[in-house]
Amino acid sequence: MLDTEALMRIGLGHYIALSGIIFSFGMIAVMMRKNVIVMLMGVELMLNAVNLSFVAFAKEAGNLNGHIMVFFVMTIAAAEAGVGLALAVAIYKKFHEVNIRFFEQLKG
Amino acid sequence: MMMEAIAFYMLAGFLIFFSYKVISVPNPLHSALYLVLTMLGLASAFFNLGAQFIAGVQVIVYAGAVMVLFVMVLMLFDLKTEIRSFSRGLISGALKVMSAALIAGLALGGARSSVTVLDAPAGAAVPGDVTRQLGILLYTKYLFAFEILGILLLAVAVGVVAVSRMKGGTHARH
Amino acid sequence: MNHALLILTLLIAPLIGFLFNGLRFRSHNAYLAGAVATGASAISFLCSVTLWTKLVSLPVENRVLETKFFEWIAVGTLKIPFGFVVDQISIIMILIITGVGSLIHLFSIGYMSHDERPSKFFAYLNLFLFNMLVLVLGDNMLMTFVGWEGVGLCSYLLIGFWFTDPAKAAAGMKAFVTNRIGDAGFLIGMFILFFTFGTLDYSDLAAVVPKVAELGWTGPVTMACLFLFLGAAGKSAQIPLYVWLPDAMAGPTPVSALIHAATMVTAGVYLFVRLSAVLVLAPHAMEVIAWTGALTALMAATIGITQWDIKKILAYSTVSQLGYMFMAVGVGAFPAAQFHLMTHAFFKALMFLGSGSVIHAMHEEQDIRKMGGLKKYLPVTYITFLMGWLAIIGIPPFAGFFSKDEILWQAWSSPHGSKGLWAIGAITAACTAFYMTRLMALTFWGKSRVSPDVHPHESPPTMAIPLIVLGILSVIGGWIGIPHVIGEVLPGHPPNIFAHWLEPVVAKVEAGHGSAVMEWSLMGFSVGLAGIFAWLAYDFYVRVPSRPKAVAAALGPAYRLVENKYFVDEFYFGKIINPLVEASKAIWLYIDVNFIDKATYFAGDLVSGLAQLVKTIQNGKTQSYALYMALGVVIIMTVVLSS
Amino acid sequence: MGIDVFEIGVNFVKMIAIFLMMVQIVPLLVWVERRGSAYIQNRLGPNRVGPLGLMQLAADAVKFLTKEEFVPKRGYPFLFYAAPVVAMVPAALAFGAIPLSSPVMVEAFEWMGQHWGPYSFKFQGYEIGIGIVFVLGVSSLAAYGVLLAGYGSANKYALYGALRASAQTISYELAMGLSIVGVILLFNSFNFAEIVGAQSAPMNFMLFGKKVELAFLPNWGIFYQPLGAVLLFSAMFAEANRLPFDLPEAEGELVAGYHTEYSGFKFNMFFIGEYGHMLVASALMVTFFFGGYTLWPWLTPETVAKWFTGMSLTQTSLLTALVLHGVFLAKVVLFLWIFIWVRWTLPRFRYDQLMDLGWRTMLPWALFNTILTAVVILIMRHPWGA
């Protein structure tokens, strides 16, 4: 029995649910894709999902601490993407492929 | 109320569709382009939630800079459609999907079970000019964190330059 | 203008100069870069003067101007404001820094006009000025530390300014690494103070610390002071960390004048004057500081006698004079230390700039054996250098006399002092007179030994003006600190303005014992000693130039010991660094390889045997690890949500 | 978008009208560019078709529409088709967010038996509170048009052109964003309308906490931020891929860069995108640094409204808006002409020079400008006297 009333009143819960779904997609990308760059995209997807819930919580709580958190997460995510891509480029230069299995041996 | 719900469900539908496409299409470049669309959708979700500045930064930083980098790198690599996009292993694959689904389910269940939260209407608005207050908060209460973040970025910039200039790189000088 | 605005302008002007010159660092235009940099420091000097007039107009017991721009760090109980304070101590420092700094900037325009990267040089100078101002104006120890590290960085950059020469780059590195050792001490001292008293604010510390009483060696205050002294010894070139300063002469001469004579190296002295209220509670630490200072003074002065490089002599002289200041700090004569800091800034900056003028004139020649008789070629430099010489050897009424004599008297009479300290100080004064006269004699007097293809020429006005101004200051700079006994007999009874000025802010040490007669006779003794040794040096190097060699031969091993700087560098390498490396190798071989490694191999075998059981989980696949993380998250979420 | 049918309808029509306006300026600009380049190079340019060659525009349009539609066989058709659209849309979105004139007030009236109004319509596509961030955001998306074109064409020249273009766009975006920060600090707002409002006044600023007014100069950004203006204008050339920054096209090396494979109307859309970027750039320059749609002391909303005293509020505000829109267009045209002028006068950069200029010259100076502005504003606005 669907509770139409609750479904129609968009609140925090809806955004958390959406964020949870996107997060799980990101997780699947990280766990199952072989291409390192797609895995990095999965990480970005997860971070974005978390950002969504931060903003939703900030709205709920009526203060801006959540926004600050999002701001920091974005900065760190950008940095992480930079490092990840640099590593991917380094791997590509050696193996001409960006499969995750080339990252599994921790030697040059 | 009705309009808001329709807008939300449309947005949510788009977001879920695009993020599903990110992980399912075999061509990584197409993944990246779907991810751009996801980012833009999230920016509009932020906008709906009253975080205009964050929405703008989301577009500038993610869609405008980070994803352009992804796309550029992918183009440089010249990867044809991969023969196998997903890693091997039926059992582990099933486990992975299951665990991800469980997390999503638990998030959903958590949201659903806390009825008071779910029923709360769109949330208390932050009073006044959000962007201005965000700036004030960032440069007073979170000043030190902000500075440390700057140092982190500096370290990352140096590290990335070091990694990408390693021997054999496109910029190596020899 | 409001004092907060003045302080802000004071700090920002050099920073903007740095940014401007730093952005156009490839420019070759020395005049534009120099004009901007000099203008920036002149603005700072004007602000300092205005702040000083403001301070004077305040009542004596409340002479302090402070401003907090914002809360910088707020973590738990640690609250660090971005605050600055101008009081009787820091005003003297900022007047010296910006005043002498402006003159040296002006001098550098002429000195660096033929350099390849003048813009970079002036950018570094301005950055140094900014950091030094942060150091002395910071109202808590962390702000001081920010400046402390900043000046260390600038010092490194400027010593290695001509980094294409490996020796100069290495000198910069040496300074940096030596200072790191000191900085670790500073940090530990700061940690101890914060751990014990819960604050790093100078005024809070001064209020809180006197509530404890300790006499032992291992109490927190003594330990903190000793560690801070390690930091100060690094920055201010005291035993055992003085080795970097003579090598730092690899930098351009204006840098030596500004950083390694007038300002940065005095930061350690400043720190203890600022923390005088803490230091007086740790008599053991004071004793250590006094004796270290005295020994440094003596050792450096004796090394100075045997050097041939004009800048090296001045460098050892700086180390020696800094030793005097620490001796003063150690015997509780904080005003005297600060006073000597000021007069030393005048005459040593003058002498460094003078030597820069000489080097400039001699086309980068620094060996005084190849100089001589320069007074007829460089009249302005000669006259001003003469002022500096008279000031440093302590001839009344030149500046150095008053400050040095005050220190010697305090070393004799203060309850923390002793006759031994005074004796070392007096011998050092004699050595100082000897080596400075030797420098004068070999450079300016006597017969010319200049090689015929060098034609010395007097420096341009941008270099001459700072020399003249500093020369005048070296003469009159001491008149604001005339000791009581002399003041009494002079017409008009000039008071000791300097001591009175500092009195409200430095810790009081109980009055010394000793009569006016004693003071007069000690004063006469030290001046006489200086005079005799100066004449002796004149006799050695001008009248009978063959005598020094004979004396050196007669002294034999002692002379060689001194000439080779007591083999300290060799000692450090031979007895500390190399043994450390050897010991590390031995430890690596016997303990690490033969014992720990074997033990770990055994443990490893044990574990890997056991790990056969769970090996399949640890398969090296990144994505499997991600799966485990995800499973963990699922479990935690289940637990949390179901509770 | 509005509270009732009338408001929604007007806003919708307005949005479309402004988009069409942008699109219609492009052929005119093409004509000006061709005639202007001819003038600069001492020749005649198109002058046969119609008076002054103006009908050439129509002829061009017909040509574009009737050309063969070509899609590379090995390319990605969807991306290939999407790229021109993606190239054009950001320019249109950005242009829609810039206020083109003062708002139009509509008094309450009765129509079809119902009460309507009063309304206030902004003279812009849509109003966004943080307009500057929005414009920066959407113009950063322009890189995708180029990237998709390059990838979708399956052509190495196109790919090289696309990679160069996107690298250039990202590099210059930093300098562009930072050069605007000075203006934002100066006028204390992210909102275009507020920035324009602040500039339609005599020059006034705080001097150590005291307000100073100089009545002989308008309060334009250019007087406070000359460095920012120069940096923004240069970065805008790079963003619009115009000479001297048109390395992505570089016909000597890369045939025609990312649009090598494009023909017909799709090519035309890239054209519209490029000229749309020029238009946005000029409009931003005018809005940030040259008083927007006002020209103090003669042409401000207040002074122009006085010309039409005696009319109803609706008529007055509509006419005022049209006059001020003329002012805005006049200023924009001036900047568009500078764009064309520079293109036909300056030689192009080599690629390494271009990157060097972006990262090692413009970025540090933009940072310097930002820091200097922040410090000066901090000092000047602080109530020191108190």
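Which chain is which? They are A, B, C and D, in the order written, and residues in each are numbered from 1.
Keep this in mind: a residue touches a chain if its C-beta (ideal position, glycine included) is under 8 Å from a C-beta of that chain, and two chains touch if they have at least 3 such contacts.
Small disclaimer: the values here were computed from a predicted structure and weren't measured.
Participant: Looking at the contacts, which chains touch subunit C and subunit D alike?
Facilitator: Expected: B.
Participant: Suppose chain centres are the mean of their C-alpha atoms. Which chain sits farthest from subunit D?
Facilitator: C
Participant: Using Cα averages as centroids, what's the distance between subunit A and subunit B in whole Å?
Facilitator: 5
Participant: State, to the nearest whole Å, the distance from the C-alpha centre of subunit A to the C-alpha centre of subunit C.
Facilitator: Spacing between the chain centres: roughly 51 Å.
Participant: Determine the centre-to-centre distance between subunit B and subunit D, using the mean Cα coordinates as centres, and give it in whole Å.
Facilitator: 29
Participant: Measuring centre to centre with CA averages, how many angstrom lie between subunit A and subunit D?
Facilitator: 34
Participant: Going through subunit B residue by residue, note those that touch at least 2 other chains and give them in order.
Facilitator: Counting only residues that touch two or more other chains, subunit B contributes 53, 57, 65, 69, 76, 87, 96, 99-100, 103, 106-107, 110.
Participant: So which bits of subunit C are touching at least two other chains?
Facilitator: Residues 621, 623, 626-627, 630 of subunit C each touch two or more of the other chains.
Participant: Touching two or more other chains, which residues of subunit A qualify?
Facilitator: Touching at least two other chains: 27, 31-32, 100.
Participant: Which chains are in touch, pair by pair?
Facilitator: A-B, A-C, B-C, B-D, C-D
Participant: Spell out the residues on subunit C that touch subunit A in their complex, using ranges where they run on.
Facilitator: 620-623, 626-627, 630
Participant: Under the stated contact criterion, what part of subunit B meets subunit A in this complex?
Facilitator: Result: residues 1-2, 4-5, 8, 12, 15-16, 19-20, 22-23, 28, 31-32, 35, 38-39, 42, 45-46, 49-51, 53-54, 57-58, 61-62, 65-66, 69-70, 73-74, 76-77, 79, 82, 84-87, 93, 96-97, 99-101, 103-104, 106-108, 110-112, 114-115, 117-126, 130, 133-134, 137-138, 142, 145, 149, 152-153, 156-157, 159-160, 163-164, 166, 168-170 of subunit B touch subunit A.
Participant: In the complex formed with subunit B, which residues of subunit A make contact?
Facilitator: Listed in rising order, the residues of subunit A that touch subunit B are 6-29, 31-35, 37-38, 40-42, 44-45, 48, 51-52, 55-56, 58-65, 67-68, 70-72, 74-79, 81-83, 85-90, 92-94, 97-98, 100.
Participant: Looking at the complex, which residues from subunit B come into contact with subunit D?
Facilitator: Residues 29, 33, 36, 43, 52-53, 56-57, 59-60, 63-65, 68-69, 71-72, 75-76, 131 of subunit B touch subunit D in their complex.
Participant: Please output the residues of subunit B touching subunit C within their complex, sorted ascending.
Facilitator: Its residues touching subunit C are 87, 92, 95-96, 99-100, 102-103, 106-107, 109-110, 113, 140-141, 143-144.
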